[in-house]
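Heads up, the next two complexes both have chain A, just with different partners, chain B and then chain C.
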Partner chain A sequence: MNQIAIRISGMTKYYGTGPDAVRALHDVSFEIRNNEFFTLLGPSGCGKTTLLRIIGGFEEYSEGKLELFDEEIQDLPPNRRPVNTVFQHYALFPHLSIRDNVGFGLKMLGKPDSEIHRQTNKMLDLVRLSEYADRRPSQLSGGQKQRVALARALAPEPKVLLLDEPLSALDLKLRQSMRHELKQIREQLGITFIFVTHDQEEALIMSDRIAVMSHGSLQQVGTPEEIYNHPENRFVADFVGETNLVQGVIRELCSDAACVEYADQELSLAIQNENLFATEQQVHLSIRPEHINIKPMSSESSNLPALIKEKTFLGTDIQFLCRLKGGNELTTRVQTTTTDCATLLPGDSVELTIDTKKIVLLGD
Partner chain B sequence: MRKVQDIRRYQGFFSMTLLCMLLLYGPLIIVMIYSFNDSPSIIRWEGFSLRWYYEVFFGLEAPKFKKAAFNSFSIAIMAATTATIIAVAAAVGMIRGGQFRAKTASFALLSLPLMVPEIVTAVATLIFFSTIGFVAGYATILVAHIVFCIPFAYLPIAARLENISSIYEEAAMDLYASRAQAFFRVLMPLMLPGIISGFLLAFVISLDDFIITNFVKGAGVETLPTAIFGAVKQGIKPDIMAISSLLLFLSIVFVTFSWFASRIGMKHS
Partner chain C sequence: MSNPPHGVFAPIRHWLLLPSWLTIGFLMVSPVLIMLVYSFLTKEFRGGVIWEFTFAAYDQFFIDRGLFGDEPPQIEWTYINIFWRSTWQAGLATLLCLFIGFPTAYYIATRPASTRNIWVFLITIPYWVNLLIRTVSMKFLIRDNGPINAWLLQTGLITEPISLINTPIAVQLGLFYSYLPFMVLPLYAAIERFDFSLSEAAADLYAHRWYTLWHIIIPNIKAGIIAGCILVFIPSLGAFLAPDLLGGAKNFMIGSLIEEQFKGTAGNWPFGAAASMILLTAVLLVMMLHARNQKIDAAHQGH
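This part shows the complex of A and B:
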């Protein structure tokens, strides 16, 4: 069941040579399991697309190893790899009909016409575009082109499907429905999807597992829950979801907890590995806005006193930017329906309660 | 209300335009009109007639002109075809080849025939042919035409290819097409308007070349332009005007096709 579809080990890639060489990938290693929806997530220029193009066979790499189902494929040209790509701007062949676009891969594989016809119809059904079979790509809308690109890449039944920011050119509504559709199609066909995106929300919604990348290096690999709830470093905490990254100092340390001083408060935080930390060490705390509660100031409280600086209405949520005594600022978010905070205004005195169990302590 | 920066607001725009049009097209129009003149004189109008066109096809000198026309067209077709094939290869190499050493030099070499004065090329080609002992005649004209047609075929083809993203070839290869299949099934069809445009342009350029042809043609072999020049030397007769008008018409047709071909599919890609 848990067969490895793609294994990447020690992958390093330089663009150019000599002193001008730019490092696009640095010692990247991870495994992608069979039948997994795996996402490469990172800001532009982090090397995620380069990595995808390496798997597709469009780029060479400087060092490392690339295996597809335990077979090294680095010397195979793109047309010999059982891997297909959905390109960012679709790259549908403008001179061919939708049917011929979808059937292109099968034709190149030398399949008989009857099989091409059957498989093409099946794929067009899958993406619900059967009635558009005889049109040209230029006659379709963006969302339809996107689905044709998907059908075309799926028709030859690849072992792994690569998707290079396929939703980035679509508007929000279409993007949301395509997310759903992609996920369904993957479950229906049961093949491995490798999805590249810079949209952390998209990554969290769709993926079985996510690899977060930055500056050509792998930052963390894990399920969406792991990535969101237990980020391993500041970059991941900051890039995935919204968070308050604040500085504190470790005052006491024991095997499974640390006492951290932040904003004149001593917070007792659970830690996974005490060896990562030392007493009197400067550390960062990642506090998600939804883990900070806000309420009007009352006299007998021991909570964090603060002043509201900004209030932002987000629909289901209200977001407050609060200033603490020492000058620190924290963003907090509360649901509009479950709170009496709707009446709070900038300038009001409030008190904040931080759910310390949800705070993540970051060493670097 | 015209915009302030509209060029038509400049003083003297209209008279300048008129002067340019007159200088450029006046002689052509006069030749066309007088080709229908029912008179052996080339300056006195004596009424409309098609006798000079009849003369071209069935008159005393008709066999000579027919032979020249056959040479011209057969050379133009072969030269344009060969030049187009070379130009396609050159365009793919220049534009898809990435950065390679001597890329600028290669481009200069390709477009050299456009910049070198034609008479220089003509003399050089003649010297070259006689040095290697090539007998002047039909073959020498063909070779020379292939060479100077290449840049004319290259320009529209290269312009087209530059606008075709390499993502299409990548997509084709991703879908199991070999390099050759990716070229013939995807890149070629996308380049086709440029290829047609380049072919037609090369064809017209070959058809009406005079200077180089006159140097390398050798005795007894004539193309239409050299035949016309030969005939004019014995005095201008109205049948020359008829031939010229036919050639002009043909050139316009080809250039028009070439222009339309280069625009096919532009709005889609």
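This part shows the complex of A and C:
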């Protein structure tokens, strides 16, 4: 069950040579398990497409190793890799019908006509496009083209499916329903998906595990919960979800906790490994907006006093931007149903309570 | 048909279109009409025409009545044969241009965007020189004691010069060299517009390279291929410089035949005009066939 589908080790890729060379990947190593929904997440230009194209066989790499089910596949051209791709702009064959598009891979594999027909029908059913089988791609909407691209890539039953930002060209509603559909289809077919996106929300919703990338380097690999709750560095904390990244100083250290001074407060925070930190070290704290509670000022409290600067209504949540005494700013978010907060307005004095157990301490 | 834009009155619109109508009228319609009229006039010896209506020119082209015009009419094969020879010479030249032009255009279109224009420029440079001079140069290159033969003799690949002048091959070379850019440029434009992620998708779906070329790339650049073929075939069909200078009397083409009718005093204007009209009709038929095919294609693709 936990077989490794793809192992990437020390992958480095330069575009071009000499002084103009662009480093698109830098020493990237990770493993993708069989039957996993694995997401490559990172801002535009961080090398996601490059990595996907290397796995698909469309791009050579400068250094490193690429293994598919424990076999090195460096020398296999794309048409001999048991891997199929859903291209970012679909790349449907405009001169072929939808049916011929979907059956293309099977035809190339030399399957008999009857099997091509059966499998094509099955795939068209799967993506609910059976009535459109005889149309041309130009006669379909964006969402339908997207589903044809998916059916076409799935039809030859690849061991691994690569998807390069497949939803980015769709509008929000369609994107949300396609997320759901993709996830269902993967569970139904039980094959490995490698999904590329720059949308952290999409990554969190869909993935079994996520690899966060930045500037060609791997930042962290983990489940959505690990990535969200235990980011390993500032980039991950900032890029995945929203957070307040603030500076503090370590005043005291013991084996599993640190006393950190932030905004005239001494916060006692849990830490994993004291060796990563030293006393009097400048550190960053990642505090998620939902882990800061806000309530109207009451005189006897000893919590963080603050002033509301901005209030933003987000539907189920309300977001407040608060200014602390020292000038620091914190964003906090509470559910709209929390009654005593809905009436707060900019300019009101409030007090904040930070759930210290949820603060993540980050070095530099 | 599009609706007139709001705020522009119909009369003004017609006035604005006047330059186009004048261009089309003077430069395209009237020359053809003049030729059409002349092809039905009587020839004047020493060139020129007599304004008397006759079918004589067409009669001369298609029907053989013997040397003195008193034998029972038979089909005249001389000109039909010239016509036929011209057609296959032009067709062959078109194929030659396609076979050389396609890889050339493909190569240029797949270079980095920054260097493509340089390649296109290089392709067009020789064509700044007059066609006559280029054709004569070709003659110098391939003649028995020209540089190509000299080089082949020197390397010992051949022991006697290859005689190309006055052969159909020489005509082919001439036509090929004359019209190659008309093939390369539309092909280049089509291949440059081709979305190469389609060929990646084909490779991803286990297609072999040749399959991808034939079944993915070529169908999607078909318009460029056809445009290139038409642009080479039509001028080749009416060419006279290459057949005159490189082919000699035996490789006479329809263009040379027409040219002779209007040159000097030996000519026959109505006959030249009739031959032109026949050529024009043949070309128009080819174009109409192409237009019909395109319409059928478009209907298939639902555009």
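The definition used in the following text is that the second predicted complex is superposed on the first by the 363 of 364 C-alpha atoms of A that agree within 3 Å, B and C clash if a C-alpha of one lies under 4 Å from a C-alpha of the other, contacts with A are read in each partner's own complex, and residues count from 1 in each chain.
The rule we apply is simple: a contact is a pair of C-beta atoms (placed from the backbone, for glycine too) under 8 Å apart; a residue touches a chain by one contact, two chains touch by 3 or more.
For clarity, every value in this text was computed on a predicted model and none was experimentally measured.
Enquirer: Which term applies to chain B and chain C once both are placed on chain A by superposition, clash or fit?
Expert: Chain B/chain C on chain A - steric clash.
Enquirer: In the overlay, answer first, second, both or neither for which of chain B and chain C A:Y15 touches.
Expert: In the superposed model, A:Y15 contacts neither chain B nor chain C.
Enquirer: Given the touch rule stated above, what does A:N84 touch, chain B (first), chain C (second), both, or neither?
Expert: Both partners, chain B and chain C.
Enquirer: Does the superposition put A:L109 against chain B (first), chain C (second), both, or neither?
Expert: Both partners, chain B and chain C.
Enquirer: Same chain A residues contacting chain B and chain C, which ones?
Expert: Residues 56-58, 77-80, 83-85, 87, 89, 91-95, 104-105, 108-109, 136, 138, 152-153, 156 of chain A touch both chain B and chain C.
Enquirer: Within the complex, which stretch of chain A touches chain B?
Expert: Touch list, chain A to chain B: 56-58, 77-80, 83-85, 87, 89, 91-95, 104-105, 108-109, 136, 138, 152-153, 156.
Enquirer: Which residues of chain C touch chain A once you look at their complex with the stated criterion?
Expert: Where chain C meets chain A, its residues are 195, 197-198, 200-208, 211, 216, 219-220, 300-303.
Enquirer: Help me check something: in the complex, which residues belonging to chain A touch chain C?
Expert: Checking each residue of chain A against chain C gives 56-58, 77-80, 83-85, 87, 89, 91-95, 104-105, 108-109, 135-136, 138-139, 152-153, 156.
Enquirer: Over in the complex, which chain B residues touch chain A? Could you list them?
Expert: Residues 165, 167-168, 170-178, 181-182, 185-186, 189-190, 265, 268-269.
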